[in-house]
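After this come two complexes, each holding chain A, first together with chain B and then together with chain C.
Showing the complex of A and B:
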């Protein structure tokens, strides 16, 4: 099949749109990763190193955070994986609204371009991915680029939400009941419900920011009757649920990978779906105040949401039990996708447990905005999410490309990144316990963390090497990989019943499902 | 095995035997210790199970298929409800302990020194009850609780004293507070914890806890200087 640019640009095929999302997301990941390396070089010793202008550092940090969350994780999970997997997993020929789908991927690319303009304009945004006023309104940096990046990507995600909820409700293969869905499909449904409820709130918040800055309104200016905390509340009212928008799909795909490679039924499927995913969905909107423990909110609100935040451990605990239970009496094969999925269990366990003190309001009064926070959320969201995405890319590699990746390269990349992230993010939490605040260009007042900082910078080099090996393993697999069979993993899930790569329309004939069929119906 | 190492367990739990602390810093250290024990147990249980399953149930033959248990409806409910209750119990325990400590953080002792703090990019301006103003260097008497009532002239900042385990944002249009208990004389770092632009990482100050006598002398001296300056000022 000859490559035709026109076919890719004007495509409405969900698999190609998924791949386009993947390309955009990996581009964002690469640039945001370079920013991370620049920061690690800058921070390797106290005092200015790479640049003497703290604003440069602030712009790198802004881009790293905004691009990793808005440009990489959410689009990779809700754009790439949802697009590629959901129709195949539910036996649909495409999504419900293919042209709307094409529109949303190009909106997303618009958002990526808007974000990348950070490096072109003379006054790039320097407001962190949170964009708190009054700083974001008074800064000389161009806050509008932040606003419009969020609006474009958010709008794209709302369209995706409408599309995928409709798809899962109406386009399931005949006979495919709700309790036979892959857990990943369930997690996408829940994630898009969260997006549809909460993204508009973020849209409102960032729009008010630009109105305040450029059109002279006073939403956040106390001198004119506004309030600075309104923004923080609106922002976290979306942005904490956004963490679950990332969490649910990455746990969902982890379930699918582990069940496939353990060739085992998911332990207590209904508890994982209704208790785990449903519970997170239910609690997601009642926990945002834990980001404002130090912001002088009323005590009843801080303590109330301390309890609701701690209760998140219940659904998340059920998910963890189901994940571990799926290994029980399984037949576990340690192929590269499963290495990543198993590692997610480990990083997510550490990330989850280090989240508990941040839910406990008085402990958070010390830990908030220190290095403990980035250490924690890199474990729980950044690394766990990225490992799940990388695992999923390896998992779907034969299906997407029709070729196998090299297991040796896959293992090497995994081992390097797994060691690297622990070298970087565990010391980060220790530096937080020393009191080192985050978002510091320089840390001369904290000589006791200088050794840790150097250690983290060296660790980041290990991650970089791992990332290069991973990228190489994909390019190598794409160009030189052996031809992949239709179902290399022996999975029961529907996406493996078609050819590799699937033809337009996915199946010549959509498979007929019996009532006792299930995506995890291994064994007796 | 357990009998040989019981003393390790005692050592690990020893700080919990101390009396209930009455200031944020000590309370924080104690609750942190409890937290470490709590999650340490959870971590070991989950990690050990995961490691054991990975070893025990690794694939030995290429065509092998797992045969995980198919749960009865009762077992399904039990496997959801029992763990949920265990987690909820732990959550409520941690929440109750946090609430106790929260009250320590928020209830300021009556015999306190109350100082006003106004933050601005990138400095801390303190005003004492007698009108004396200082920037970045807060002198306080050791052995007396200190309360800061805070606001901000421009951006959101956050006044953070790592040694005293306290931090609270200061922001325009609102007044927030925190208190800390400098037991011993010494110099303690104060630093900004909320991103506030270019010099965020340089927005540092000091809390200097002085012996009470020295502080009283310094305080009276500064008050006198202030009065003299006011008297000299034309029209003042």
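Showing the complex of A and C:
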């Protein structure tokens, strides 16, 4: 079929919309990565290096955080992966509302445009991705762009949630029961339920921010009866569950990759779905206050939050056990997607274990706002999520493009990034234990971490090299890769039963499934 | 065993799908319209004090948005309707409810932590106008129900008439709301006066914007219906949305005006 630009720009097809999401998300990832490199260059020695204006550093930090979470991870998981995989995995011809789906992706691109305007407008936003008042209201920076970036991407996600929940409930292939769904489909259902409940509250918080700054309201102004803690509560009421919005789909796709490459059933499927994913969904909304330990609160509240935060490790533990049990006695092949999926087990474990001290109020009061925090959340969310996304891109590469990537390039890129992230984020936690506060661009008062900072900056170069190799492996595969068969991995899952790449409408005839069919029914 | 309820409606499209990629221009046009209607004019006007550019954005964006919605509805009524609007509306209302919950949570935190309520600078709230507004909005839910019933029985004239009455009631509600706002502002009570002004105008304004969206949905149902084209799914989903906005008003009127 000849390439037609019109069929891409005006497309309502879920696979093409998924690819559009991927393009936008990777663009956000690239620019966020450049911002990270700028910060690492700035931080390689104690004094001001690249810039002597702290506001420049704030803008880089703003863009890095906002773009990585709102522009890359959530859209890559709930935009690209959900769009590409869910209809194929449930045997549907498309989502329930194809045009609404196209509208979602264009709203997302609107948000990306607002975010990228950061680099061209005077007084760009400089308020991190959290946008805490009173700074965000008093700064000369453009808080409105932050608000609208969040609102556009948030609205896009709400529409996506409506679409995908309706799709999974009503458009499953004939005979496909709930207990036959891929874990990834379940994780997308749970993640979108979380989005529908919590994104609106974030929308309210950032709207109030711009109302306070530009229309003179008093939501967060204590002098006139407002309260800054309202913002912090509303913000984390969404933004902690947002962690699970990222966690669930990345664990979900990790399950699918690992089951495929271990050629094994998912261990304890029902415990993983109902206990693990369901448990995270149930508990996601009651832990946000642990982000406010240092904001001032009575001890009984800290204690309660400590218990409820630690509680979430139970369903997450169930998911980890199922992942490892899926590997147990499997026939494991170490293809590139599986390397990433296996690495997720490792980085997520480190991130999870370093989360336990942060859940404990007495330790957190000392670790809060140090480098320990970014070290922890980069392991648990940034690296684990990104590795799962990269693994998924390699996993779906033959299906999306009809071509194979080069396994040598895939391995090389993985090894470099895996070494690199450990060189950067593990020392980051150690620097936190030495007392290095986060968000500083000049740390002459903390000479004890200068060696670690230089080490991290060198480590970031390794990540950069890895990222370049990964990008090259995709371009190389796209242009010169061998032709891919329909099911190169020998997967049992439905998305591999159609052609590579799938035609409009996905199948000539939609599959009909028997009660004993399963996406992980290996060895039968 | 799950039931694939729309299987039958998709079946005729199988051949259609196999021939070419489905496209629609309206999602992209609407996306651009949205960008021009809210984020860009707001930023030009409030952040960069470029009001001319703001007006320019609105001048292009508003017609673009209206055209996009009209095109979208037209396409939907031309047989590409998706038939699952009613369950989808349930999910949308979940999100909408949380939006209002966020505003109400902030309102109650501010109110309960205030030394005195209403704070200094507030004016007495009117009682007659909100009571009348309540009657208007609640009765519009009933008239819309009558419109739905008429449509189900195939009485198109009755459907259009009751729908017209609902629109008139909703418009009267918005008109009274605007009148009340200008009256209060005339007494020196504005959004920046104090924490009550902030809560009052943001909650009532946010609710009124939902009524305006509801009226937009009604117009998108009524205008094609004048030409005899209707979609049962859209009528039902629009009704659920309208009843939801009506119920939210009961919270607004009781907690912001009378409590």
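Methods note: the second predicted complex is superposed on the first by the 523 of 524 C-alpha atoms of A that agree within 3 Å, B and C clash if a C-alpha of one lies under 4 Å from a C-alpha of the other, contacts with A are read in each partner's own complex, and residues count from 1 in each chain.
Convention: a contact is a pair of C-beta atoms (placed from the backbone, for glycine too) under 8 Å apart; a residue touches a chain by one contact, two chains touch by 3 or more.
Everything quoted here is computed from the prediction, not taken from an experiment.
In the model built by aligning both structures on chain A, chain B fits alongside chain C without clashing. Once the two complexes are overlaid on the shared chain, A:150 sits clear of chain B and of chain C alike. In the overlay built on the shared chain, the residue A:215 is in contact with chain C alone; chain B does not reach it. Once the two complexes are overlaid on the shared chain, A:227 sits against chain B and chain C alike.
In the superposition on chain A, A:103 makes contact with chain C only, while chain B stays out of contact range. Contacts of A:172 after superposition: chain C is touched, whereas chain B is not reached. In the superposition on chain A, A:158 makes contact with chain C only, while chain B stays out of contact range.
By the touch criterion defined above, A:299 lies against chain B but remains apart from chain C after alignment on the C-alpha atoms of chain A. Once the two complexes are overlaid on the shared chain, A:369 sits against chain B while remaining clear of chain C. Geometry note, superposition on chain A: angle between chain B and chain C about the Cα centre of chain A is 110 degrees, to the nearest 10. In the superposition on chain A, no contact is made by A:380 with either chain B or chain C. Least inter-chain distance for chain B and chain C in the combined superposition, rounded to the nearest angstrom, is 11, based on C-alpha atoms. When the two complexes are laid over each other on chain A, chain A has residues 226-227 in contact with both chain B and chain C. Those residues of chain C lying in contact with chain A across their complex are 1-2, 4-7, 10, 13-14, 16-28, 30-32, 34-35, 38-39, 42-43, 46-48, 72, 75-76, 80, 82, 84, 87-88, 91-92, 94-96, 98-99, 101-103, 105-106, 109-110, 113-114, 119, 191-192, 194-198, 201-202. Across the complex, chain B is touched by residues 54-55, 58, 126, 128, 130, 132-135, 138-139, 222-223, 226-229, 262-265, 267-268, 270-271, 275, 294-296, 299, 302-303, 306-307, 310-311, 313-314, 317-318, 320-321, 324-334, 342, 345-346, 349-350, 353-354, 356-357, 360-363, 365-366, 368-370, 434-435, 437-443, 445, 522-524 of chain A. Per the touch definition, chain A reaches chain C in the complex via residues 4, 6-7, 9-13, 16, 93-94, 96-103, 105-107, 109-110, 113-114, 121-123, 142, 144-145, 148, 151-152, 158, 161-163, 165-166, 169-178, 196-201, 203-205, 208, 210-211, 214-219, 224-227, 230, 234, 503-505, 508-509.
Against chain A, in their complex, chain B makes its touches with residues 24, 27-28, 31-32, 35, 38-39, 42-43, 46-47, 49-50, 53-54, 57-60, 64-71, 76, 79-80, 83-84, 87-88, 90-92, 94-95, 97-99, 101-102, 104-106, 154-156, 158, 160, 162-163, 165-169, 171-174, 176, 189, 191-202, 204.
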